[in-house]
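Letters A, B, C and D name the chains as they come in the text, with residue numbers starting at 1 for each one.
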Amino acid sequence: MNTFGKIFRLTSFGESHGRGIGGIIDGCPAGLELDIELIQKDLTRRKPGQSKITTQRKEDDRVEFLSGVFEGKTQGTPIAFAIWNKDQHSNDYNDLKDVFRPSHADYTYIKKYGTRDHRGGGRSSARETIARVVAGAIAKQILAQIGVSVNAYVSQVGDIKLGKSYKELDLSKTENIVRCPDDQTAEEMIARIELAGREHDTVGGVVTGVATGVPTGWGEPVFNKLHADIGFAMLGINAVKGFEYGSGFEGTKLSGSVHNDVFIKTEDGVRTKTNNSGGIQGGISNGEDIYFNVAFKPIATLLKEQDTLDRNENNIKINPKGRHDPCVLPRAVPIVEAMAALVLVDHFLLNKLNSI
Amino acid sequence: MNTFGKIFRLTSFGESHGRGIGGIIDGCPAGLELDIELIQKDLTRRKPGQSKITTQRKEDDRVEFLSGVFEGKTQGTPIAFAIWNKDQHSNDYNDLKDVFRPSHADYTYIKKYGTRDHRGGGRSSARETIARVVAGAIAKQILAQIGVSVNAYVSQVGDIKLGKSYKELDLSKTENIVRCPDDQTAEEMIARIELAGREHDTVGGVVTGVATGVPTGWGEPVFNKLHADIGFAMLGINAVKGFEYGSGFEGTKLSGSVHNDVFIKTEDGVRTKTNNSGGIQGGISNGEDIYFNVAFKPIATLLKEQDTLDRNENNIKINPKGRHDPCVLPRAVPIVEAMAALVLVDHFLLNKLNSI
Amino acid sequence: MNTFGKIFRLTSFGESHGRGIGGIIDGCPAGLELDIELIQKDLTRRKPGQSKITTQRKEDDRVEFLSGVFEGKTQGTPIAFAIWNKDQHSNDYNDLKDVFRPSHADYTYIKKYGTRDHRGGGRSSARETIARVVAGAIAKQILAQIGVSVNAYVSQVGDIKLGKSYKELDLSKTENIVRCPDDQTAEEMIARIELAGREHDTVGGVVTGVATGVPTGWGEPVFNKLHADIGFAMLGINAVKGFEYGSGFEGTKLSGSVHNDVFIKTEDGVRTKTNNSGGIQGGISNGEDIYFNVAFKPIATLLKEQDTLDRNENNIKINPKGRHDPCVLPRAVPIVEAMAALVLVDHFLLNKLNSI
Amino acid sequence: MNTFGKIFRLTSFGESHGRGIGGIIDGCPAGLELDIELIQKDLTRRKPGQSKITTQRKEDDRVEFLSGVFEGKTQGTPIAFAIWNKDQHSNDYNDLKDVFRPSHADYTYIKKYGTRDHRGGGRSSARETIARVVAGAIAKQILAQIGVSVNAYVSQVGDIKLGKSYKELDLSKTENIVRCPDDQTAEEMIARIELAGREHDTVGGVVTGVATGVPTGWGEPVFNKLHADIGFAMLGINAVKGFEYGSGFEGTKLSGSVHNDVFIKTEDGVRTKTNNSGGIQGGISNGEDIYFNVAFKPIATLLKEQDTLDRNENNIKINPKGRHDPCVLPRAVPIVEAMAALVLVDHFLLNKLNSI
């Protein structure tokens, strides 16, 4: 259950304080010239310690390819890769060995497996998402060849909400420290995160994703609707609590006559006048932009005293120290992009199978 | 791509106006005494023509089992079943043969497959969900044996929102015609749907699902988090635009110190004081109730004149006649329950594999 | 575990004396004009009662399509089909209800599932292979469009062995009652089967399969080598005990210098001088003919007295009556072809995924 | 297509002259105390340079675990491992860069992928089987806990055939340099391999596998019959050309009345008098020993001059130098055991899913 995808498949491995994090990508077409720097760039967007509003842990996070790439090109064989762990203050976690931290996976792992690697969250650490970013960055390179691009940005932090749709924004301006493409909102978000940091607390928010250039015909119309696969991908990211696409939850309040997207003829062929469908109709892409929102909860690790239980069910108090993110949103942006790219490249490949 | 589930797998078939709708359930444990009446009961909750606020089409929707059941018991062999189509006014749809109805799957099917069965929406019809209800009703019977129950109800219709959490409601009162367990809200919702009907328009809303009795340990912690699989299941239902569980989108606005669910010791063992986690931590059930919301758009079929294009990209007007639902929500309740039950029974079985 | 194939997937259902046998084909490309008569023809080649050397049970075995085909063409949606059971002398089997017949699946089914449909072997009956023949006949039609054909014939019955390779035979002459394309050997085989019938005994043999026109590049080089998938398909047919391809078991005795297939340049491009590789190198087709042998045991149902145990582990004697095949080989030929065709069409589709 | 197994899944990676060979095992139950020395022992049985009759290449082949094991125990999380490549005389292979070696995968890889890592066979090298041996050695440890053991031995080299069944042999005597448990036959085999080596030629043979202690009920009765899965596993090993189990190809010559295995009552419960079924009836284990034969061709790499073509389709002669095995059989024994163990542990886990 550590494999994602149907054709382009990532199987991931690794724990926060083990030897490293990595994966095997199976099903990547042969002959792709890999741009390692682009992969590294997304890893850098994800890594801790990148700005004043993220954790100050330093992790270099450089990817090493172990197979499947020869003379710079993919070979059609499995692409294994690893990011070796460093800066592991594993002993920092000894106190947490027998503790069930609130809203963490400590309790459920023990109940499920009878054992767990407690160091830094082990397998449940968001450090696991490194493997997704690597695979997603390769997926993006395939998509780029066919004119598809995937971008994400922070559209809400706590109660600070960007009041504009992606169409009103210049997404090339996303790469500030909070990854919100609207300057003024970005400043407010940064202030909100800094406040949370000062209060030794955390804050959640929303990442919005946009895929452009997706041709008509991607998606499988029953269980594997394109948006169901995207939603599944997003809900598998740590801390995600919700997903909506197109008009989403707000659209439920509209009348059908307002909500329907009327087909029109344009110079570019058939288009829709509005796009409440979010680029997907009947589970299949219709050529319009695909857009969606992903809700992230405030992360559970607080640098504050909290009541909880230990493994022997004694009441205890914990007061974690260390270097943690007050807000996961800025670093979640490349993860959202990666997972969306994995879904899209999978459906690009699946869609080759519809005709003889 | 018409198979749902990993161990308990439903493969569905059928079009709205073909021979029938059905499926094969593979992976159902042997020795289960099937209660056919319970299955039929859920089909009846889903069927059209059940009340004044649903479509007046009459479809009897009785299930016939074709294999896998002998002397009333499952045999461990594939369970095939069909619901034969009747009352098929297929010719009613001749006018729609070459039309791209707004926000329907007509356009995307043609683009994907180059062909489509236009009668009543063909495979894209929500009539396909019958197969899910049958399989889900079997899943519920397995879950019942281990003390797990799955219930859903309508919590929003258009802008009419039930202002109570599932904990404040008596879910045994759900089975009124709109399937909202709060009498007063139910009345308002019914009036809202009747208004939409009179206006030849449609209205969307939200279904809330609740699973109780799920033991700790279900769910696979990386890609197949329990909530990711539930979300995937929900997003695969026709007309669904969003999914959230536990504190959901609203929870993104809270501080971590407020959002965290503190572990406490009770007579029933380890519990959490609050349940913003929605019964799932690190992707694994923690023994608390699982609850979630599913957003349904207003359905696209309006009995109103609309602009659109035909297959030759000519501008045309359509003005559909026929018998359609102004609101899909009441009939969606058993579908939400069915899909949730399929996910849960799958994880019940998967969880048997964690130890030697 | 009742699904075969990775892209072109057959999920089968049905018991010998249930409502019928059938399946769902998922992943069949859209737009294929189905030739139903070709499907029916293979069913007729498989059906009982077709000649003096097969069982005299009469089963009409006509396929009904339930979905996925519209106006004669596949729609890209799941193709469900059924062959309804008739001529069910189910009560004939009451005596066998609690008996473990030697070398049958009675004992193992009870041990695995705790229950079984004893009538006519239930799910373990070779009647289940009907679903494979239907799906295989569709696969053959796809393969025909790209110039690939699959043929099988009986090359051994008991100790009567056809002493020629497929290259020395005219495979268009296969359709005599024993399905051996060499007249004289066919007569000897028929006599051998008739002898077995008179002795109320059974006899085994070998079916040889040949696929021509397979282009280079089909097959996945590690676990899913083309011959591994073909072998898996064959070993899943009832009564099969062995599989070999190319030089097979005999080839193990040769020296490498004799066994190696030297590459040569011809008018048709690169070819090999010999074909001990059986058309597959490194698990991937090399453009030469693919050929293989499939060993079938003498079937277990004898019309002779035999010692055995009943369900309560009492020593009993059984002396079955009824209409059974003394030799399964002639009727196995279309099943071998069908399973080979399913594998080949799957790899045809898989091979589309190797490049962007 | 580099994943093997349904529940206990190995995804393998690596090329002969890349960074290393390895894999990820997903689905291994938690809490297993790994005996690393047992794993290393099987790697040593597989490794080159182990005796005078194998290649003299020295490869140390020590496994490093990268994840999934904590404090010596499996965690239920993915177990990644690698065997790093050393002793890579990659430049030795420059001459072969554009050559299609007879009966190798050079030609088919180029045709399939348009590119290949030519060094030492790249992904098509049997060095890839290292990953299988590691995973199989873990599978054996799980099987050992439930009393199942898997053993293989060489039963034929060229035309030298061990004339005894596994029942007449003491399998604890297998570990001589040719891995044949019969002393006299072993000597003849060794002489035969030495002769092949002197002639700069190669020789094939047969490995026999035996699994004891398998309880009744393993195997899925239609496509995934236990022997179909074992056969698939064996046919996926490099150089394998055939598979048979129980009475195999020879059994096709027997009459049913001779071939049938009569059930008898014994102190150990229900058994069969003979075991032509090879421990599997209707695709499901019946508690008797499982035994099977695997045919290996003489390997294609000869230290002799041979005609062939290069990538530009020119006629050329090759005359490879280097260190190669004249016979792959002795080193194939642990690979056969590993693949059988992987199948058996998968069915052990699958069989947990048959009841509620």
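Details
To be clear about the criterion, contacts are C-beta pairs under 8 Å (C-beta built on N, C-alpha and C of every residue); 3 or more make two chains touch, one makes a residue touch a chain.
Note that this is a predicted model, so its numbers are computed, not measured.
Between the chain pairs B-C and C-D, more C-beta pairs are in contact across C-D. Chain centres here are C-alpha means, and the one lying farthest from chain B is D. A straight line joining the Cα centres of chain A and chain C is 46 Å long. Centroids built from CA atoms put chain C at 40 Å from chain B. Once the centre of each chain is set as its mean CA position, chain C and chain D turn out to be 26 Å apart.
In chain D, the residues that reach two or more other chains under the touch definition are 1-3, 12, 27, 30-31, 76-77, 112-114, 123, 221, 354-355. Residues of chain D that touch chain B in their complex: 7, 27, 29-32, 76-77, 142, 145-146, 221, 349, 352-356. Residues of chain A that touch chain D in their complex: 1-3, 9, 11-15, 18-20, 22-24, 26-27, 30-31, 64-68, 70, 73, 75-80, 82, 112-117, 122-123. Contact residues on chain A toward chain B in their complex (touch as defined above): 1-4, 12, 100, 102-105, 107-109, 111-114, 123-124, 128, 156, 158-159, 196, 199, 201-206, 216-217, 219-225, 227-229, 231-232, 235-236, 241-249, 251-257, 259-265, 269-270, 272, 276-278, 281-287, 293, 295-302, 304, 306-309, 313, 315, 350-351, 354-355.
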